[in-house]
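Here it is, the structure in full.
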Amino acid sequence: MSVRVAVAGASGYAGGELLRLLLAHPGVEIGALTGNSNAGQRLGSLQPHLVPLAERVLEPTTAEVLAGHDVVFLALPHGQSAAVAERLGPEVLVVDMGADHRLADAADWESFYGSPHAGTWPYGLPELPGGRAALEGSKRIAVPGCYPTAVSLALFPAYTAGLAAPEAVIVAASGTSGAGKAAKPHLLGSEVMGSMSPYGVGGTHRHTPEMIQNLSAAAGERVSVSFTPTLAPMPRGILATCTAKARPGVTAEAVRAAYEKAFADEPFVRLLPEGQWPATASVHGSNAVQIQVAYDGAAGRIIAISAIDNLTKGTAGGALQSMNIALGLDESTGLTTIGVAP
Amino acid sequence: MSVRVAVAGASGYAGGELLRLLLAHPGVEIGALTGNSNAGQRLGSLQPHLVPLAERVLEPTTAEVLAGHDVVFLALPHGQSAAVAERLGPEVLVVDMGADHRLADAADWESFYGSPHAGTWPYGLPELPGGRAALEGSKRIAVPGCYPTAVSLALFPAYTAGLAAPEAVIVAASGTSGAGKAAKPHLLGSEVMGSMSPYGVGGTHRHTPEMIQNLSAAAGERVSVSFTPTLAPMPRGILATCTAKARPGVTAEAVRAAYEKAFADEPFVRLLPEGQWPATASVHGSNAVQIQVAYDGAAGRIIAISAIDNLTKGTAGGALQSMNIALGLDESTGLTTIGVAP
Amino acid sequence: MSVRVAVAGASGYAGGELLRLLLAHPGVEIGALTGNSNAGQRLGSLQPHLVPLAERVLEPTTAEVLAGHDVVFLALPHGQSAAVAERLGPEVLVVDMGADHRLADAADWESFYGSPHAGTWPYGLPELPGGRAALEGSKRIAVPGCYPTAVSLALFPAYTAGLAAPEAVIVAASGTSGAGKAAKPHLLGSEVMGSMSPYGVGGTHRHTPEMIQNLSAAAGERVSVSFTPTLAPMPRGILATCTAKARPGVTAEAVRAAYEKAFADEPFVRLLPEGQWPATASVHGSNAVQIQVAYDGAAGRIIAISAIDNLTKGTAGGALQSMNIALGLDESTGLTTIGVAP
Amino acid sequence: MSVRVAVAGASGYAGGELLRLLLAHPGVEIGALTGNSNAGQRLGSLQPHLVPLAERVLEPTTAEVLAGHDVVFLALPHGQSAAVAERLGPEVLVVDMGADHRLADAADWESFYGSPHAGTWPYGLPELPGGRAALEGSKRIAVPGCYPTAVSLALFPAYTAGLAAPEAVIVAASGTSGAGKAAKPHLLGSEVMGSMSPYGVGGTHRHTPEMIQNLSAAAGERVSVSFTPTLAPMPRGILATCTAKARPGVTAEAVRAAYEKAFADEPFVRLLPEGQWPATASVHGSNAVQIQVAYDGAAGRIIAISAIDNLTKGTAGGALQSMNIALGLDESTGLTTIGVAP
């Protein structure tokens, strides 16, 4: 038995990564592939690494083209998913890889995205408390943002265990694919190679409210988040350095124990042995999350650092993992913890 | 039915890549893993991307440790394979990923490697004329060098079709993993990032006689090869720019036809559509070979360019492909043509 | 009039960068160049970019070789400067580019470096309050660490202006040259390209007490610092993301005004126009510091971000700037604010 | 005495590099800076590394704006220089950094550029035989292409000395800045990092006839050139691997002697000691050319390899060097052989 899958936005980085993973998934059949400005082009010219799909031709992103599939993935710019999703029936599993259905707070959405709130769908981060239950059998999935995936996984155990005060400071470095495939001068190779730079400083990045939402849910109180994203000279990967003020009485042992407990049964999260730190290269192309945590007694802070592949666990792999859960498949089907390194 | 596999040299880049692929191969069971200076260490500290093997401990590379396996891969420095192989029985499939058994000419070996010739084993490049037949049922396989893989595949069709004169000029760029994991100053990230540099210029690189051997076999006459390798600022990948003097009367159509014919049924070689050129990113982590060819009438040369992943098709993937053939498995088992890009 | 300069440790990255700058300094004559394991080698084989010095031969690092110079720069591993400096007369200007004489607190030194404290020399960061006065006419200079340079310049205005509470959280990304030229496996190009990773997490990095020293002096009270350094896939550059808890009543305007005032007359520090953020590429090879600052009211933090070249302003350029001041030369002699970009 | 200089095309990579160098040139005053789509913008937002010019505002590229300068540099897209130059008086030194006036053969120009030939100006490669004489006192200079600079310097000594047959095969790797600052998808950092790819294969690259022109002049007969450019994952630098069929009787000693003689008095070309090979990092940001040559007797070819910075010696530095000669200044004024490495 195989489910028939369509991908809207197959020419971009998220769509391409999803197709890479779907090609290795034994339970799916790849149906329609759509693009907008690229409709009519061969996939081989747009995604030359996807050799088995080289002769497939992109169709326009319309309800007609997307009809007749069991699962539809939407890898569209934010603000475009809701209109497409509305025209897909309630029996279709719709997986929104964009931002439209992630935030529960409509005011937050409107403040950060500047358009009407489309609604809130079950959130595709199974490792969060209650995360799997929300996805089982669901017909709508909101795939988390890449930064919120890395950050929420790194910090929620400190909050669920009551070890951290509601004051987080996060600096994350992302590979350039996180900025998408649209050609912009500051994303040219000449500009990014050999350079680190910040952007969206001061709480203005759109992933900030999503982090606050997740960490606050874990803490049971509003968590303030200072988030600074930076652009790193690499194609893929996120390294999130997440610190939270420690509550009085916290010890290194208590922190370690909380993290060991949180991830004991997780198929994709690896809490590294003490003394070993994550590197984005280790998770390149995989759905793995590598995490390490430390307690800095002098500064009174817990420091949790996670490495993910922004396109895999951070986008397309996370989407597929959630699809597996929603469809009742084994959660790891078609996914791996093995990175492509060096 | 599953074959039991040992890997000698599991801590290096070639060994690590082989393990990455073996973990995805449905017909193998991973047995002993050995190292030399690293014996006794956890693989998780040496190859942090191989999460499922993180708790495995490296053993010393001895005949006792390697005994009792159906297949033994030798990912050892050149000159060390023969001694190990001699102590493995004739019923064991021994796959030498080093250079020891590649060259048929003992004098060439001794001139380029400075030690006695260990012998010649069936050559693991199935795409060459007669390549598969030599491997079927064999118990010994010499895995080709990474550069000879890229170069031989790019140029042999021009020779078998009689289109090229025996005079090849080749310049190839390799990622740094081709130089191995031993820490040397000129391989530091600080030195290689932002820099291109040649090495082994003037016919002195050890892969030169191997290329001459392969191309001469295809041509039916001795082919002279000017080969210049360069080190490129990337971890993986080889881009081989291979030119050969064209014989009189050659046309672009004849060249294209020869290449289409040569690769028509190859599972891993993709001759790109006209106008599209290979990029190493497209084959990152895959066993694919992407090739394009042009005829430059003004200069009177055929230019064939191939891109491979030096660690996959260039080493570990090629080794696994040959193992599959030797064991009578489907040649593509555990291998993919899909690259991890961007 | 030209001063005669010797460089101990001329084969490393700090020594090489210093020589690059000295070659463009109109007031110096380059005298003895020393190395340890490299003594006897031509500089051209070790520092091929320093063409005018290619035929110079490294001498051993002894007091005899270093005698007879007006200025001696020590680019030695930490713990080695004191013994050399003791044998140089009090009339010689000794500039220690290592860590030995940076910390005022002997217990801090011994805790972080594990050896006896060598003493405290005037600190070579002229932009700090009172910084220039401490250097004028001095015969001993302790060059700051690269991270403390980037961090102290980014945050001290918030402290001197009384805007920040004594609680700083800092995450910095450094190019690999900061880790030196000694060949270590984790610094191989194959390992660092495409990868971000942290190290020295949890307050264990040796530059932490130096940051605390500088920020506490600016604040007039003990500042706690959570510092996480990360290794970025680039040869040079530091991007320091520095956040501090804001005191009640702080406004964005007050923050901006404090930074404008602090850097109004600085020749090398450029506070960027609002809306523009630093990038390490912009300061590549220059002595410039590019800084931007924001106030995140929701998180209650000031975020100041600086970009420097770790080898130039972070080490050799900073050393030369301090030498200029000590000798009574124009502070900018031989230095530039112009980066080599892209 | 200082000459007043205007730069048309100040927002691009060539223009930016020229300004970086002009800022360090003691004999020039920087006058008008022009752009097209960027007219009206502050240079600080377009070229953030040029701190001293941050507040300068780009003007439109018109004859009025460019009037009243002693020297006008044209860093414009090909095909646009001639119209601008016509409106500048014969007393103005016009330095065309574009392609318009490089080729002597109008048919070649029209075939490769598809527009009418604008004419031929003195060619700005002083190191070629007769090169300096052609530039002295000239009021028009055609700056060579970056690839022809690297290739012509590497191979002309073999031709002037009569050692090479008229059959050259050249493969060159260039950093991405050679492709300019216009945002195109294949030049995104995500695409180029970790990837090598060819382009303009088969003699179609526009720099091919320029190489043929230069090498044929040196040889005294028509030289055929097979030229393949490749894009390398670095911002700057060209490594040109240039091979030529050796004439009968050639020896390694004769080759070495020819190269030593050709470059004995050149201020910017460094023939490396035997055994040392060029690396682009060594010439980063400098006007130096590093060259090494070998004779491969088995293949019967001379292999000469050069490394330049494509933006400096390959464009803006070469332009400035030629300007110095034309104005009667010391040829090296404002230029350096010292690279910024690592």
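When the chains are written out, they are named A, B, C and D in that same order, and each has its own residue count from 1.
Here, a residue touches a chain if its C-beta (ideal position, glycine included) is under 8 Å from a C-beta of that chain, and two chains touch if they have at least 3 such contacts.
Predicted model only: the values in this text are computed from it and were never measured.
Student: Applying the document's contact definition, name the chain pair with more C-beta pairs in contact, B-C or B-D.
Tutor: Higher contact count goes to B-D.
Student: Give the label of the chain whose average Cα location is farthest from that of chain D.
Tutor: A
Student: Need the CA-centroid distance for the pair chain B / chain D, whole Å please.
Tutor: Computed value for the inter-centroid distance: 37 Å.
Student: If you average the CA atoms of chain B and of chain C, how many Å lie between those two points?
Tutor: Whole-Å distance between the two chain centres: 45.
Student: List, in ascending order, every residue of chain B touching at least 2 other chains.
Tutor: If we look for residues of chain B contacting two or more partner chains, we find 13, 175, 177, 188, 190-191, 193-194, 233-236, 279, 281-282, 284, 342.
Student: Quick one: which bits of chain B touch chain D in the complex? Just the residue numbers, please.
Tutor: Going through chain B, the ones touching chain D are 169, 171, 173, 175, 188, 190-191, 193-199, 201-203, 224-228, 230, 232-237, 239, 241, 243, 277-282, 284, 292, 294-301, 303, 305, 307, 342.
Student: Using the touch definition from the top, list the residues of chain C that touch chain B in their complex.
Tutor: Residues 13, 175-177, 179, 181, 183-185, 187-194, 233-235.
Student: So in the complex, the part of chain A that touches chain B is made up of which residues?
Tutor: 13, 16, 20, 23-24, 44-45, 47-52, 54, 177, 193-194, 235-236, 270, 272-273, 276, 279, 281-286, 288, 290, 336-342
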